[in-house]
Amino acid sequence: MTLKVMSGNYAQSYAACLARVQVISAYPITPQTSIVEKLADLVASGELPAQFVKVESEHSAMQVCVSASALGARTYTATSSQGLLLMHELLHWAAGMRAPVVMGVVNRSVAPPWSLGADHADTMSQRDTGWIQFYAESNQEVLDTVLQAYRLAEDPAIRLPAMVSEDAFYLSHTLEPVEVPDQSLVDSFLPARDARAVLVPGVAARLGSFTGPQQYVEFRREVAKAMERVPEALRQIEKDYQSLTGRFHGGPVEYYRAGDAEAVLVTMGTMTTTARTVVDEMRAEGHRVGLAKLRLFRPFPATEIRELARRTDRIGVVDRSFTFGAAGAAATEVAAALYSGPHHPVLSNFIVGIGGREVTPNHIHAMFDRLLAGKGPEVQWMDLPLPPEEVAHG
Amino acid sequence: MAKLTIPAPELMRAGHSACPGCAPALAMRLMLKGLGPRTVVSVPACCWTVIDTPYPTTALGVAMLDNPIESTGASISGLRAAADALGIQDLNILGFAGDGGTADIGLQALSGMLERRTDAIYAMYDNEAYMNTGVQRSGSTPLGAWTTTTPVEDGARGKAEPKKDIMGIVLAHRPVYAATVNPSFPEDFVRKVEKARVLRGPRFFHIFAPCPPGWRYASDRTIEIGKRATDCGIFPLYEVEEGRYHVTRKGGALRPVSEYFQAQGRFSHLGPEDVARVQAQVTADWERLLRLENGT
Amino acid sequence: MGATLEIRFHGRGGQGAVVASELLAQAAFLDGKMPQSFPFFGVERRGAPVTAYTRIDDHPIGIRTSITTPDIVVVLESSLLRTQPVTDGLREDGLLLVNTRNPAEELMIPVPVRRAVVDANQIAVAHGLGSPTMPIVNTAVLGALVGASGVVSLKALDQAIDEFVPARRAENRAAAEDGYHAVHVVEANTPFTPPVPQAVGPTLSLPEGPVATLSSELIHTSAWRTLRPVIHLEKCTRCNFCWKFCPDDAFTFDEKGYPVVRAEYCKGCGICAVECPPRVIEMVEEA
């Protein structure tokens, strides 16, 4: 185990390298570029004995990964924003093919207007593709999660692709210390890919195929069932990882001082770090506040959210993107999870940090204050001047 | 029994769902005869998606992978990368796509595959329209041809634009080998595939592929129409190896293109001037091809 | 019969079964009814069996499922009687209309219903619709349907053809008129029960991923053909051209090296007959 100062992007690259990926394919887009540049170096120097297919688009990058995966290779790609959107059709293919591709995504806003900042609109538009989705809070979590994602994706009971997302610049270009596990340790955690049920040269079989409504439903249901098995499998994988590295990121949802909290913010990604500090401050002032960080967004950890509602009367869901015509994506999911449960806390949705705007301690404070004050409007855009009636209220 | 002029083993199976008289089906049969069993085929959305029959059956005696319509070039790059990474040797990797999936929506991925020198074969079967969706025009539909989106009505006479030159596009990438083949000439077809099989690097086939319903002719005329296409110079047979041209069939003087047009309903509205225009172009192209062969 | 009249068409890709179901709906609308028509959306290839549906009612149709208990079944080609379960669910008081040259009394069908026949091939060919090997029979058959059942008026059918058939309107109208007059109806008789072959082979328990591993040779495509190659072996030179050019891999050889057609797979395209150098293959009509 060595401690190195590195960016979130390098954490992605080193994790892919430690995972001994066999086929890499990618196309450059800011702020993902340093991930693939680093991997290109590692491959060129011989440190990583992998095939790096330099393609003419993200669409082709994902196709390369899906096809290489079909022959049994462990594959990696990384992208962001427009690149992820261009991949969309192929994301469905990866999941439908049951190809355990792992992808790093740097969460960036979507044009127009062109903008480079952190924003979850890119990955949120891929929620329905059958990919497992992780959101990381730190560079350490990025590295650890990529390794865990391979174990999870390649689990014979799951066999689904997984994306590990990190916020643009707040992780991608932020340097911080990261503990890099030794290769031998990673090898004992992540064995070579079990390539059963993929195409075998010389054997007549068709992967993909076409069906009528009858078998199509069955195949879709298999994907759904595999998704349902993810949370349990992840808990076991994290246990194994913890016993090797001592690190634990909380399974599907990480709670922070939420046990006895009157008000809890549900967060994702880097905003969580700032929120932790604010929670500590507010706790010191006597406010019973806490956090629940969604580490996993697909499958959505509904059980954990219901458990949270049992203990807390006020939940604020913080979204770094907005679903036009509805609300924040996480808030919609939280509300849906709570409907069938017995506990229906006050629910607010805070839209914040879009397009890379900073999520400051003041924002977090304000969200807790509003939550504790009572039921505000269901959806609140935090950065914009408040309408007069809300000013009066808050 | 007479000696077989093409290999006996059948790697395309009977029971498939192609229309009677489908040349793309015959093309796959011949292609696999030339490549043999250690082949993985990547197939985009096209008639062959359907021809291969529904789950749980497949009409290929080799491994097959489905891919979306626009990414066959990338798919075969991925297959080769995996084979190399996993140490799988002696594996033929074939992309088998329609003209729409190649010359239109899949052109970018094809160009990428050629440029990065993927060691694989890309075969485009050219039935000159989007047939799987019911005969709409593609960039590869020839001038004057009827399709459902280039109707023949009072003011419209089929497709108004000439056919895209896919061989020209491919050759601009300097592949190690590119050839035209036609199932009406099976020996030439299989010989070229066998030749391409042992080469390394990007290889390309442009396959002439008549389609009875799409071209509006009776299903028993498929081979005859293919012969006419080559004999009148509309679809000359040649190969280009490391830039060197070689015309593999020269039957003396070219037959008139009208013989080719007459046989198909999709051209039945064309008048003598239309035919004369095409004739002039075909003659010029043929002479250009001969010059390329002679290096002049 | 229920309030909604349900008609199911069976044909082959290329014969116009889907268009027939649409024209019937248009005609019903011209008669002042509320129709619905739709195809079974499969991946039809020319020659492959296809199904299409029409519903007719005085009120808007409130259902969107396929028709499983039709009042009328229309079969655009008689060989489908052998290979497709065309009479499945046909009501006892229903009607079966078949395009065939044979008399209605000789139709071998497993249910005792009224039946009607028309030689629509002959009518279509007479009016130059399609080719003799692939006549487009839908308008002649619709005329016969009107003659046998009166589901729509002949006038409405005529008008629908005139408005919605893209080409050869006069010929199609004449074919419908001829079909109307030529149809022959007989009352119910005792059923004949032939074995109905299953369409596609085995079903598997599904693996998690979509991997197909069975051979397409489990699927027999003989039902697609209307013509069958017969080889006059005494004049065969064993040149193998027929084998070489068959797109369906439907040839094998006997121990002496003579070609043998694998009848389960031949689709009757006729290529072998055209390409046989001494012309010793003859395409004959399926019985």
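A, B and C label the chains in the order they appear, each numbered from 1.
Assume a residue touches a chain if its C-beta (ideal position, glycine included) is under 8 Å from a C-beta of that chain, and two chains touch if they have at least 3 such contacts.
Just so it is clear, the model here is predicted, and its values are computed rather than measured.
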Task: State which chain is most central when centres are taken as means of Cα atoms.
output: B
Field: Between B-C and A-C, the pair joined by more C-beta contacts
entry: B-C
Task: Give the label of the chain whose average Cα location is farthest from that of chain B.
output: A
Distance between chain centroids, defined by C-alpha means - chain A, chain B (Å): 44
Separation of mean Cα positions, chain C and chain A [Å, integer]: 54
- request: Mind checking the centre-to-centre distance between chain B and chain C? Centres are C-alpha means, answer in whole Å.
  value: 32
Touching two or more other chains - residues of chain C: 43, 210, 212-213, 215
Task: Spell out, as numbers or ranges, the residues of chain B touching 2 or more other chains.
output: 50, 52, 54-56, 58
Message: Two-or-more-chain contact residues of chain A, please, as numbers and ranges.
response: 204-212, 215
- prompt: Contact residues on chain B for chain A in the complex?
  reply: 37-40, 42, 49-50, 52, 54-56, 58, 60-68, 70-71, 73-79, 81-86, 88, 91, 108-109, 111-112, 115-116
Query: For chain A, which residues are in contact with chain B within the complex?
result: 22-23, 25, 50-51, 53-57, 59-61, 63-73, 75, 89-90, 93, 199-212, 215
Task: Going by the contact rule at the top, pick out the chain B residues touching chain C in the complex.
output: 1-2, 4-6, 10, 12-23, 25-26, 29, 50-59, 183, 186, 212-213, 218-224
- prompt: In the complex of these two chains, what residues of chain A are touching chain C?
  reply: 96-98, 159, 197, 204-212, 215, 218-219, 222, 226
Touch list for chain C against partner chain A, complex: 42-43, 206-213, 215
